[in-house]
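Next, two complexes with subunit A in common: one pairs it with subunit B, the other with subunit C.
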Partner chain A sequence: MPVDAERLREEIRKVYSEVVRDPKRGYHFHTGPEYAVERLGYPAQALAELPDSVTAPFAGVGNPLAMGEPRPGETVVDIGAGSGMDTFLAARSVGPTGRVIAVDMTDAMLERGRESATLSGTPWVEHRKGLAEALPVSDGAADLVISNGVINLALDKDCAFREAFRVLRPGGRLQIADIVVHRDVPAAAREDIAIWTA
Partner chain B sequence: MLAKKVANIGFEAVVMVDRRPFGIDALASYPVFPPEFVDFLRRVMPADRHDELVRSVVVLARKPEDTGGAHAG
Partner chain C sequence: MDVQVTWRGRPFTGASGQRKADKFETEGVNIRARKPEGE
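The block that comes next holds the complex of A and B.
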(Lines of atoms letter the chains of each structure in order from A and count residues from 1; the text may use other names and numbers.)
(Lines give C-alpha, C1' and ligand atoms only; values in the text may rest on other atoms or scores of the structure.)
Protein backbone atom coordinates (compact mmCIF):
# COMPACT_ATOMS: atom_id res chain seq x y z
CA MET A 1 0.00 0.00 0.00
CA PRO A 2 2.16 2.90 -1.17
CA VAL A 3 1.42 6.23 0.49
CA ASP A 4 1.07 9.27 -1.73
CA ALA A 5 1.66 12.13 0.71
CA GLU A 6 -0.22 14.83 -1.17
CA ARG A 7 -3.13 12.54 -1.96
CA LEU A 8 -3.34 11.54 1.69
CA ARG A 9 -3.31 15.18 2.81
CA GLU A 10 -6.01 16.01 0.29
CA GLU A 11 -8.17 13.14 1.54
CA ILE A 12 -7.73 14.33 5.12
CA ARG A 13 -8.64 17.90 4.12
CA LYS A 14 -11.70 16.61 2.30
CA VAL A 15 -12.97 14.53 5.20
CA TYR A 16 -12.51 17.22 7.84
CA SER A 17 -13.90 19.97 5.60
CA GLU A 18 -17.02 17.86 5.29
CA VAL A 19 -17.15 17.43 9.07
CA VAL A 20 -17.10 21.17 9.66
CA ARG A 21 -19.70 21.81 6.94
CA ASP A 22 -22.08 19.16 8.19
CA PRO A 23 -21.00 17.91 11.63
CA LYS A 24 -24.22 16.04 12.40
CA ARG A 25 -24.50 14.07 9.17
CA GLY A 26 -23.45 10.83 10.81
CA TYR A 27 -19.88 9.81 10.11
CA HIS A 28 -18.15 6.53 10.61
CA PHE A 29 -16.08 8.23 13.30
CA HIS A 30 -17.03 9.83 16.59
CA THR A 31 -17.85 13.53 16.70
CA GLY A 32 -19.56 16.02 18.95
CA PRO A 33 -19.77 17.09 22.57
CA GLU A 34 -21.60 14.00 23.87
CA TYR A 35 -18.79 11.81 22.61
CA ALA A 36 -16.25 14.20 24.16
CA VAL A 37 -17.94 14.11 27.56
CA GLU A 38 -18.93 10.45 27.74
CA ARG A 39 -15.96 8.83 26.12
CA LEU A 40 -13.10 11.26 26.72
CA GLY A 41 -14.06 12.89 30.01
CA TYR A 42 -14.36 16.50 28.92
CA PRO A 43 -16.21 18.71 31.41
CA ALA A 44 -19.81 18.97 30.24
CA GLN A 45 -20.35 22.43 31.68
CA ALA A 46 -17.33 23.92 29.92
CA LEU A 47 -18.44 22.48 26.59
CA ALA A 48 -21.98 23.75 27.10
CA GLU A 49 -20.56 27.27 27.26
CA LEU A 50 -18.91 26.96 23.83
CA PRO A 51 -20.76 27.64 20.55
CA ASP A 52 -22.27 24.61 18.85
CA SER A 53 -20.12 25.42 15.81
CA VAL A 54 -17.08 24.62 17.97
CA THR A 55 -18.24 21.46 19.72
CA ALA A 56 -20.34 19.71 17.05
CA PRO A 57 -17.49 18.95 14.62
CA PHE A 58 -15.12 17.80 17.39
CA ALA A 59 -13.35 14.58 16.37
CA GLY A 60 -10.48 14.26 18.84
CA VAL A 61 -9.20 11.10 20.51
CA GLY A 62 -8.44 12.33 24.03
CA ASN A 63 -8.36 15.39 26.26
CA PRO A 64 -4.92 17.03 26.13
CA LEU A 65 -5.95 19.69 28.66
CA ALA A 66 -7.11 17.18 31.28
CA MET A 67 -3.60 16.89 32.65
CA GLY A 68 -3.11 20.62 33.08
CA GLU A 69 -4.77 23.73 31.77
CA PRO A 70 -2.77 26.71 30.53
CA ARG A 71 -2.32 29.60 32.92
CA PRO A 72 -3.64 33.14 32.45
CA GLY A 73 -1.43 35.14 30.12
CA GLU A 74 0.21 32.13 28.48
CA THR A 75 0.59 31.49 24.75
CA VAL A 76 -0.80 28.19 23.49
CA VAL A 77 -0.32 26.64 20.05
CA ASP A 78 -2.99 24.13 19.00
CA ILE A 79 -1.68 21.92 16.18
CA GLY A 80 -4.46 20.84 13.85
CA ALA A 81 -6.99 22.82 15.80
CA GLY A 82 -9.95 21.76 13.70
CA SER A 83 -13.18 23.42 14.78
CA GLY A 84 -11.32 24.53 17.87
CA MET A 85 -12.83 22.84 20.90
CA ASP A 86 -9.47 22.56 22.64
CA THR A 87 -8.51 25.96 21.23
CA PHE A 88 -11.44 27.70 22.88
CA LEU A 89 -11.10 25.77 26.13
CA ALA A 90 -7.47 26.95 26.22
CA ALA A 91 -8.58 30.48 25.33
CA ARG A 92 -10.86 30.51 28.33
CA SER A 93 -7.91 29.57 30.55
CA VAL A 94 -5.34 32.02 29.18
CA GLY A 95 -7.82 34.90 29.06
CA PRO A 96 -7.39 38.18 27.20
CA THR A 97 -3.82 38.64 28.41
CA GLY A 98 -2.85 35.38 26.73
CA ARG A 99 -2.98 34.12 23.21
CA VAL A 100 -3.99 30.93 21.44
CA ILE A 101 -2.62 30.24 17.97
CA ALA A 102 -4.82 27.70 16.20
CA VAL A 103 -3.03 26.04 13.28
CA ASP A 104 -4.88 23.98 10.71
CA MET A 105 -4.33 22.98 7.09
CA THR A 106 -8.02 23.01 6.19
CA ASP A 107 -9.53 26.26 4.93
CA ALA A 108 -13.03 25.32 6.03
CA MET A 109 -11.85 24.67 9.59
CA LEU A 110 -9.93 27.97 9.70
CA GLU A 111 -12.93 29.88 8.40
CA ARG A 112 -15.20 28.27 10.98
CA GLY A 113 -12.65 28.91 13.72
CA ARG A 114 -12.44 32.62 12.90
CA GLU A 115 -16.23 32.88 12.95
CA SER A 116 -16.29 31.13 16.31
CA ALA A 117 -13.67 33.48 17.74
CA THR A 118 -15.87 36.40 16.80
CA LEU A 119 -18.98 34.66 18.10
CA SER A 120 -17.40 33.76 21.41
CA GLY A 121 -15.76 37.14 21.93
CA THR A 122 -12.21 35.76 22.12
CA PRO A 123 -10.09 37.97 19.86
CA TRP A 124 -6.98 36.53 21.50
CA VAL A 125 -7.52 33.38 19.42
CA GLU A 126 -5.63 33.65 16.15
CA HIS A 127 -6.05 31.19 13.28
CA ARG A 128 -3.17 30.41 10.96
CA LYS A 129 -2.96 28.03 8.01
CA GLY A 130 -0.17 25.50 8.21
CA LEU A 131 0.98 21.94 8.65
CA ALA A 132 2.17 20.19 11.80
CA GLU A 133 5.49 19.69 9.98
CA ALA A 134 5.88 23.42 9.27
CA LEU A 135 4.20 25.43 12.00
CA PRO A 136 3.63 29.10 11.13
CA VAL A 137 4.88 30.14 14.58
CA SER A 138 8.17 31.76 15.56
CA ASP A 139 10.83 30.03 17.66
CA GLY A 140 10.16 29.88 21.38
CA ALA A 141 6.82 31.67 21.13
CA ALA A 142 4.70 29.11 23.01
CA ASP A 143 4.32 28.18 26.66
CA LEU A 144 2.19 25.18 25.75
CA VAL A 145 1.70 23.13 22.59
CA ILE A 146 -1.38 20.93 22.34
CA SER A 147 -2.85 18.65 19.71
CA ASN A 148 -5.61 16.09 19.59
CA GLY A 149 -5.63 13.17 17.18
CA VAL A 150 -3.48 15.05 14.71
CA ILE A 151 0.08 13.77 14.96
CA ASN A 152 -1.06 10.36 13.69
CA LEU A 153 -2.20 12.19 10.56
CA ALA A 154 1.14 13.92 10.06
CA LEU A 155 3.13 12.35 7.26
CA ASP A 156 6.43 13.06 9.04
CA LYS A 157 5.87 12.63 12.76
CA ASP A 158 9.48 13.32 13.76
CA CYS A 159 9.29 16.60 11.89
CA ALA A 160 6.03 17.47 13.64
CA PHE A 161 7.62 16.88 17.05
CA ARG A 162 10.70 18.90 16.06
CA GLU A 163 8.40 21.76 15.13
CA ALA A 164 6.60 21.55 18.48
CA PHE A 165 10.01 21.63 20.18
CA ARG A 166 11.09 24.64 18.13
CA VAL A 167 8.06 26.80 18.89
CA LEU A 168 8.11 26.08 22.63
CA ARG A 169 10.07 28.35 24.93
CA PRO A 170 12.61 26.63 27.21
CA GLY A 171 10.55 24.98 29.95
CA GLY A 172 7.44 25.02 27.75
CA ARG A 173 5.06 22.06 27.85
CA LEU A 174 3.79 19.60 25.27
CA GLN A 175 0.40 17.94 25.84
CA ILE A 176 -0.83 15.78 23.00
CA ALA A 177 -3.62 13.25 22.71
CA ASP A 178 -3.24 10.65 20.01
CA ILE A 179 -3.71 7.01 19.11
CA VAL A 180 -1.00 4.38 19.34
CA VAL A 181 -0.98 0.81 18.15
CA HIS A 182 -0.75 -2.01 20.68
CA ARG A 183 2.58 -3.80 20.89
CA ASP A 184 1.23 -7.31 20.44
CA VAL A 185 -0.13 -6.85 16.96
CA PRO A 186 0.91 -9.71 14.62
CA ALA A 187 4.12 -8.95 12.75
CA ALA A 188 2.44 -8.96 9.35
CA ALA A 189 -0.13 -6.43 10.45
CA ARG A 190 2.47 -4.34 12.24
CA GLU A 191 4.43 -3.85 9.04
CA ASP A 192 1.38 -2.49 7.30
CA ILE A 193 0.48 -0.32 10.26
CA ALA A 194 4.01 1.07 10.19
CA ILE A 195 3.50 2.22 6.63
CA TRP A 196 0.62 4.37 7.76
CA THR A 197 1.81 5.50 11.13
CA ALA A 198 5.59 5.76 10.85
CA MET B 1 6.91 4.36 20.45
CA LEU B 2 5.19 7.76 20.57
CA ALA B 3 6.78 8.65 23.91
CA LYS B 4 10.16 7.48 22.59
CA LYS B 5 9.84 9.68 19.52
CA VAL B 6 9.07 12.66 21.76
CA ALA B 7 12.04 11.93 24.00
CA ASN B 8 14.35 11.50 21.01
CA ILE B 9 13.54 15.02 19.86
CA GLY B 10 14.93 16.39 23.12
CA PHE B 11 11.87 16.70 25.34
CA GLU B 12 12.23 15.74 28.99
CA ALA B 13 9.81 14.47 31.65
CA VAL B 14 7.97 12.49 28.99
CA VAL B 15 5.03 10.56 30.41
CA MET B 16 2.17 8.74 28.77
CA VAL B 17 -1.11 9.01 30.63
CA ASP B 18 -4.82 8.46 30.16
CA ARG B 19 -4.64 5.29 28.08
CA ARG B 20 -8.00 4.31 26.65
CA PRO B 21 -8.58 1.28 24.44
CA PHE B 22 -9.78 1.89 20.90
CA GLY B 23 -10.94 -0.96 18.72
CA ILE B 24 -10.68 -1.51 15.01
CA ASP B 25 -13.91 0.42 14.53
CA ALA B 26 -12.30 3.45 16.13
CA LEU B 27 -9.15 3.01 14.11
CA ALA B 28 -11.33 3.03 11.01
CA SER B 29 -12.49 6.46 12.01
CA TYR B 30 -9.37 8.20 10.80
CA PRO B 31 -8.88 8.99 7.14
CA VAL B 32 -5.30 7.71 7.11
CA PHE B 33 -6.58 4.18 7.53
CA PRO B 34 -8.42 3.21 4.36
CA PRO B 35 -11.18 0.57 4.36
CA GLU B 36 -8.95 -2.06 2.72
CA PHE B 37 -6.39 -1.67 5.50
CA VAL B 38 -9.06 -1.92 8.20
CA ASP B 39 -10.46 -5.03 6.50
CA PHE B 40 -6.97 -6.47 6.48
CA LEU B 41 -6.68 -5.90 10.23
CA ARG B 42 -10.01 -7.57 10.85
CA ARG B 43 -8.73 -10.61 8.99
CA VAL B 44 -5.33 -10.91 10.65
CA MET B 45 -6.23 -9.91 14.20
CA PRO B 46 -7.87 -12.41 16.54
CA ALA B 47 -11.50 -11.43 17.08
CA ASP B 48 -11.04 -11.07 20.82
CA ARG B 49 -8.48 -8.32 20.17
CA HIS B 50 -10.61 -6.20 17.88
CA ASP B 51 -11.80 -3.98 20.71
CA GLU B 52 -8.31 -3.13 21.96
CA LEU B 53 -6.19 -2.85 18.87
CA VAL B 54 -5.07 0.69 19.54
CA ARG B 55 -5.02 2.99 22.52
CA SER B 56 -5.81 6.63 22.85
CA VAL B 57 -3.11 8.24 24.98
CA VAL B 58 -2.14 11.64 26.26
CA VAL B 59 1.59 12.36 26.17
CA LEU B 60 3.03 15.05 28.39
CA ALA B 61 6.55 16.42 27.99
CA ARG B 62 8.61 19.52 28.66
CA LYS B 63 11.24 21.34 26.66
CA PRO B 64 14.37 21.58 28.84
CA GLU B 65 15.13 24.95 30.39
CA ASP B 66 18.65 24.69 29.10
CA THR B 67 18.47 23.71 25.45
CA GLY B 68 22.13 24.43 24.79
CA GLY B 69 22.92 20.74 24.47
CA ALA B 70 19.48 19.38 23.68
CA HIS B 71 18.15 20.23 20.28
CA ALA B 72 15.31 19.04 18.14
CA GLY B 73 16.28 16.00 16.26
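The block that comes next holds the complex of A and C.
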Protein backbone atom coordinates (compact mmCIF):
# COMPACT_ATOMS: atom_id res chain seq x y z
CA MET A 1 0.00 0.00 0.00
CA PRO A 2 1.44 3.43 -0.91
CA VAL A 3 2.56 5.65 1.94
CA ASP A 4 -0.20 7.87 3.26
CA ALA A 5 1.02 11.44 2.85
CA GLU A 6 -0.52 12.83 5.99
CA ARG A 7 0.67 9.91 8.11
CA LEU A 8 4.19 10.36 6.78
CA ARG A 9 4.08 14.08 7.54
CA GLU A 10 2.84 13.37 11.05
CA GLU A 11 5.76 10.99 11.66
CA ILE A 12 8.19 13.60 10.33
CA ARG A 13 6.64 16.24 12.59
CA LYS A 14 7.12 13.93 15.57
CA VAL A 15 10.78 13.33 14.81
CA TYR A 16 11.65 16.99 14.27
CA SER A 17 9.58 18.24 17.19
CA GLU A 18 11.68 15.91 19.33
CA VAL A 19 14.85 17.33 17.73
CA VAL A 20 13.79 20.81 18.86
CA ARG A 21 12.96 19.57 22.35
CA ASP A 22 16.06 17.41 22.81
CA PRO A 23 18.61 18.01 20.05
CA LYS A 24 21.38 15.98 21.68
CA ARG A 25 19.38 12.83 22.35
CA GLY A 26 21.01 10.92 19.50
CA TYR A 27 19.27 10.32 16.19
CA HIS A 28 19.99 8.50 12.97
CA PHE A 29 21.36 11.84 11.75
CA HIS A 30 23.83 14.21 13.38
CA THR A 31 22.77 17.52 14.90
CA GLY A 32 24.35 20.73 16.10
CA PRO A 33 26.96 23.31 15.18
CA GLU A 34 30.09 21.17 15.69
CA TYR A 35 28.78 18.69 13.14
CA ALA A 36 27.93 21.55 10.77
CA VAL A 37 31.45 22.98 10.98
CA GLU A 38 33.42 19.74 10.93
CA ARG A 39 31.43 17.74 8.39
CA LEU A 40 29.67 20.30 6.24
CA GLY A 41 32.05 23.25 6.15
CA TYR A 42 29.95 25.88 7.88
CA PRO A 43 31.90 28.90 9.18
CA ALA A 44 32.49 28.44 12.91
CA GLN A 45 32.53 32.14 13.73
CA ALA A 46 29.19 32.82 12.02
CA LEU A 47 27.56 29.95 13.89
CA ALA A 48 29.00 31.11 17.20
CA GLU A 49 27.14 34.38 16.72
CA LEU A 50 23.76 32.61 16.44
CA PRO A 51 21.67 31.58 19.46
CA ASP A 52 22.01 27.98 20.67
CA SER A 53 18.28 27.62 20.05
CA VAL A 54 19.04 28.00 16.34
CA THR A 55 22.22 25.93 16.01
CA ALA A 56 21.67 23.03 18.43
CA PRO A 57 18.70 21.47 16.56
CA PHE A 58 20.39 21.88 13.16
CA ALA A 59 19.95 18.60 11.27
CA GLY A 60 20.94 19.47 7.71
CA VAL A 61 22.85 17.19 5.36
CA GLY A 62 24.90 19.73 3.42
CA ASN A 63 25.49 23.46 3.14
CA PRO A 64 23.30 25.41 0.70
CA LEU A 65 24.99 28.74 1.36
CA ALA A 66 28.43 27.30 0.55
CA MET A 67 27.33 27.65 -3.09
CA GLY A 68 26.94 31.40 -2.77
CA GLU A 69 25.60 33.79 -0.19
CA PRO A 70 22.56 35.95 -0.88
CA ARG A 71 23.20 39.62 -1.57
CA PRO A 72 21.97 42.56 0.51
CA GLY A 73 18.33 43.34 -0.23
CA GLU A 74 17.51 39.98 -1.78
CA THR A 75 14.53 37.77 -0.93
CA VAL A 76 15.37 34.22 0.16
CA VAL A 77 12.94 31.34 0.65
CA ASP A 78 14.11 28.54 2.97
CA ILE A 79 12.07 25.38 2.34
CA GLY A 80 11.74 23.31 5.51
CA ALA A 81 13.67 25.86 7.50
CA GLY A 82 13.65 23.91 10.75
CA SER A 83 15.19 25.76 13.67
CA GLY A 84 16.57 28.19 11.12
CA MET A 85 20.35 27.96 10.99
CA ASP A 86 20.44 28.55 7.23
CA THR A 87 17.58 31.03 7.60
CA PHE A 88 19.50 33.25 10.02
CA LEU A 89 22.77 32.98 8.11
CA ALA A 90 20.86 34.14 5.03
CA ALA A 91 19.21 36.90 7.08
CA ARG A 92 22.62 38.22 8.06
CA SER A 93 23.58 38.40 4.38
CA VAL A 94 20.42 40.06 3.02
CA GLY A 95 20.23 42.55 5.90
CA PRO A 96 17.23 44.66 6.86
CA THR A 97 16.55 45.70 3.26
CA GLY A 98 16.05 42.06 2.33
CA ARG A 99 13.71 39.35 3.46
CA VAL A 100 13.92 35.68 4.38
CA ILE A 101 10.76 33.60 4.23
CA ALA A 102 11.20 30.48 6.36
CA VAL A 103 8.68 27.77 5.48
CA ASP A 104 8.13 24.73 7.68
CA MET A 105 5.27 22.31 8.33
CA THR A 106 6.17 21.64 11.99
CA ASP A 107 4.63 23.94 14.59
CA ALA A 108 7.50 23.38 17.06
CA MET A 109 10.02 24.51 14.44
CA LEU A 110 7.96 27.59 13.50
CA GLU A 111 7.57 28.55 17.14
CA ARG A 112 11.31 28.15 17.75
CA GLY A 113 12.09 30.13 14.61
CA ARG A 114 9.83 33.03 15.59
CA GLU A 115 11.37 33.17 19.06
CA SER A 116 14.83 33.19 17.51
CA ALA A 117 13.93 36.00 15.11
CA THR A 118 12.91 38.10 18.09
CA LEU A 119 15.99 37.07 20.06
CA SER A 120 18.37 37.85 17.22
CA GLY A 121 16.71 41.13 16.23
CA THR A 122 15.97 40.12 12.64
CA PRO A 123 12.38 41.19 11.92
CA TRP A 124 13.05 40.70 8.21
CA VAL A 125 12.76 36.94 8.83
CA GLU A 126 9.18 35.78 8.34
CA HIS A 127 7.97 32.30 9.27
CA ARG A 128 5.15 30.69 7.32
CA LYS A 129 3.56 27.28 7.77
CA GLY A 130 3.53 25.22 4.61
CA LEU A 131 4.74 22.25 2.62
CA ALA A 132 7.50 21.93 0.05
CA GLU A 133 4.81 20.76 -2.38
CA ALA A 134 2.64 23.86 -1.76
CA LEU A 135 4.84 26.79 -0.83
CA PRO A 136 2.97 29.74 0.72
CA VAL A 137 4.93 32.15 -1.48
CA SER A 138 3.81 34.08 -4.56
CA ASP A 139 5.15 33.44 -8.06
CA GLY A 140 8.56 34.89 -8.79
CA ALA A 141 9.02 36.35 -5.32
CA ALA A 142 12.43 34.82 -4.55
CA ASP A 143 15.94 35.68 -5.68
CA LEU A 144 17.24 32.55 -3.97
CA VAL A 145 15.59 29.34 -2.79
CA ILE A 146 17.48 27.20 -0.31
CA SER A 147 16.73 23.90 1.38
CA ASN A 148 18.69 21.46 3.50
CA GLY A 149 17.67 17.83 3.88
CA VAL A 150 13.99 18.39 3.16
CA ILE A 151 13.20 17.36 -0.43
CA ASN A 152 14.01 13.74 0.41
CA LEU A 153 11.11 13.82 2.87
CA ALA A 154 8.61 15.08 0.29
CA LEU A 155 6.43 12.36 -1.21
CA ASP A 156 6.04 14.23 -4.50
CA LYS A 157 9.53 15.48 -5.31
CA ASP A 158 8.63 16.65 -8.82
CA CYS A 159 5.97 18.86 -7.26
CA ALA A 160 8.47 20.21 -4.72
CA PHE A 161 10.89 21.18 -7.49
CA ARG A 162 8.07 22.73 -9.54
CA GLU A 163 7.13 24.84 -6.52
CA ALA A 164 10.72 25.99 -6.00
CA PHE A 165 10.86 26.90 -9.70
CA ARG A 166 7.54 28.75 -9.47
CA VAL A 167 8.56 31.00 -6.59
CA LEU A 168 11.93 31.89 -8.14
CA ARG A 169 12.15 35.01 -10.26
CA PRO A 170 13.62 34.55 -13.75
CA GLY A 171 17.37 34.27 -13.24
CA GLY A 172 16.90 33.30 -9.59
CA ARG A 173 19.08 30.67 -7.94
CA LEU A 174 18.23 27.33 -6.38
CA GLN A 175 20.76 26.03 -3.84
CA ILE A 176 19.79 22.85 -2.08
CA ALA A 177 21.50 20.24 0.03
CA ASP A 178 19.90 16.85 0.28
CA ILE A 179 20.51 13.14 0.27
CA VAL A 180 20.47 10.82 -2.69
CA VAL A 181 20.50 7.04 -2.79
CA HIS A 182 22.82 5.03 -4.99
CA ARG A 183 20.91 1.77 -4.85
CA ASP A 184 17.40 1.05 -6.03
CA VAL A 185 14.84 1.29 -3.26
CA PRO A 186 12.37 -1.59 -3.65
CA ALA A 187 8.64 -0.92 -3.60
CA ALA A 188 8.23 -2.50 -0.17
CA ALA A 189 10.83 -0.13 1.28
CA ARG A 190 9.23 2.89 -0.39
CA GLU A 191 6.03 2.01 1.40
CA ASP A 192 7.69 1.71 4.82
CA ILE A 193 7.38 4.96 6.79
CA ALA A 194 10.11 3.76 9.16
CA ILE A 195 12.56 3.95 6.26
CA TRP A 196 11.38 7.39 5.15
CA THR A 197 12.05 8.74 8.62
CA ALA A 198 15.12 6.61 9.50
CA MET B 1 18.48 24.27 -17.00
CA ASP B 2 22.09 24.03 -15.86
CA VAL B 3 22.35 21.96 -12.68
CA GLN B 4 25.63 21.43 -10.83
CA VAL B 5 26.55 19.15 -7.94
CA THR B 6 29.17 21.07 -5.97
CA TRP B 7 29.79 18.74 -3.00
CA ARG B 8 29.30 15.13 -1.99
CA GLY B 9 29.68 13.68 1.47
CA ARG B 10 28.48 11.11 3.97
CA PRO B 11 26.64 13.21 6.55
CA PHE B 12 25.13 10.26 8.42
CA THR B 13 28.32 8.31 9.06
CA GLY B 14 28.78 7.65 12.76
CA ALA B 15 25.34 8.87 13.80
CA SER B 16 23.65 6.90 16.54
CA GLY B 17 20.13 5.57 16.25
CA GLN B 18 18.44 3.33 13.77
CA ARG B 19 19.90 3.34 10.29
CA LYS B 20 17.49 1.37 8.16
CA ALA B 21 18.33 3.57 5.17
CA ASP B 22 22.06 2.79 5.25
CA LYS B 23 21.77 -0.16 2.93
CA PHE B 24 20.64 2.14 0.13
CA GLU B 25 24.00 3.95 0.23
CA THR B 26 22.78 7.43 1.04
CA GLU B 27 24.99 10.37 0.21
CA GLY B 28 24.70 14.08 0.92
CA VAL B 29 24.96 16.49 -2.01
CA ASN B 30 24.96 20.24 -2.54
CA ILE B 31 23.18 21.13 -5.79
CA ARG B 32 22.73 24.48 -7.46
CA ALA B 33 20.73 25.60 -10.47
CA ARG B 34 19.51 28.84 -11.97
CA LYS B 35 16.04 29.56 -13.35
CA PRO B 36 16.51 30.70 -16.93
CA GLU B 37 15.77 34.33 -17.75
CA GLY B 38 12.41 34.70 -19.44
CA GLU B 39 10.74 31.72 -17.72
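A few points about this structure:
In this section, the second predicted complex is superposed on the first by the 180 of 198 C-alpha atoms of A that agree within 3 Å, B and C clash if a C-alpha of one lies under 4 Å from a C-alpha of the other, contacts with A are read in each partner's own complex, and residues count from 1 in each chain.
Quick note on the criterion: a contact is a pair of C-beta atoms (placed from the backbone, for glycine too) under 8 Å apart; a residue touches a chain by one contact, two chains touch by 3 or more.
Quantities reported herein were computed from a predicted structural model and do not represent experimental measurements.
With subunit A as the common reference for superposition, the partners subunit B and subunit C occupy clashing space.
Within the superposed three-chain model, A:R162 lies in touch with subunit B and out of touch with subunit C [touch as defined at top]. In the superposition on chain A, A:T87 contacts neither subunit B nor subunit C.
Of the two partner chains, subunit B is the only one touched by A:L153; subunit C is not. Between subunit B and subunit C, the partner in contact with more residues of subunit A is B. In the superposed model, A:T75 lies in contact with neither subunit B nor subunit C.
When both complexes are overlaid on chain A, the residue A:M67 reaches subunit B and subunit C alike. Of the two partner chains placed by superposition, subunit B and subunit C are both touched by A:A177. Once both structures are placed on chain A, subunit A residues 27-30, 39-40, 61-64, 66-68, 165, 168-182, 185, 189, 192 are touched by subunit B and, in the other complex, by subunit C.
Taken together, the subunit C residues at the contact with subunit A in this complex read 6-7, 9, 11-12, 14-21, 23-39.
Residues of subunit B touching subunit A in their complex: 1-2, 5-6, 8-11, 17-18, 20, 22, 26-34, 36-37, 40-41, 44-45, 49, 52-67, 72-73.
On the subunit A side of its complex with subunit B, the touching residues are 1, 8, 11-12, 15-16, 27-30, 39-40, 59, 61-64, 66-68, 149, 151-153, 157-158, 161-166, 168-182, 185-186, 188-189, 192-193, 196-197.
Residues 26-30, 39-41, 60-64, 66-68, 165, 168-183, 185, 189, 192, 194-195, 198 of subunit A are the ones touching subunit C in the complex.
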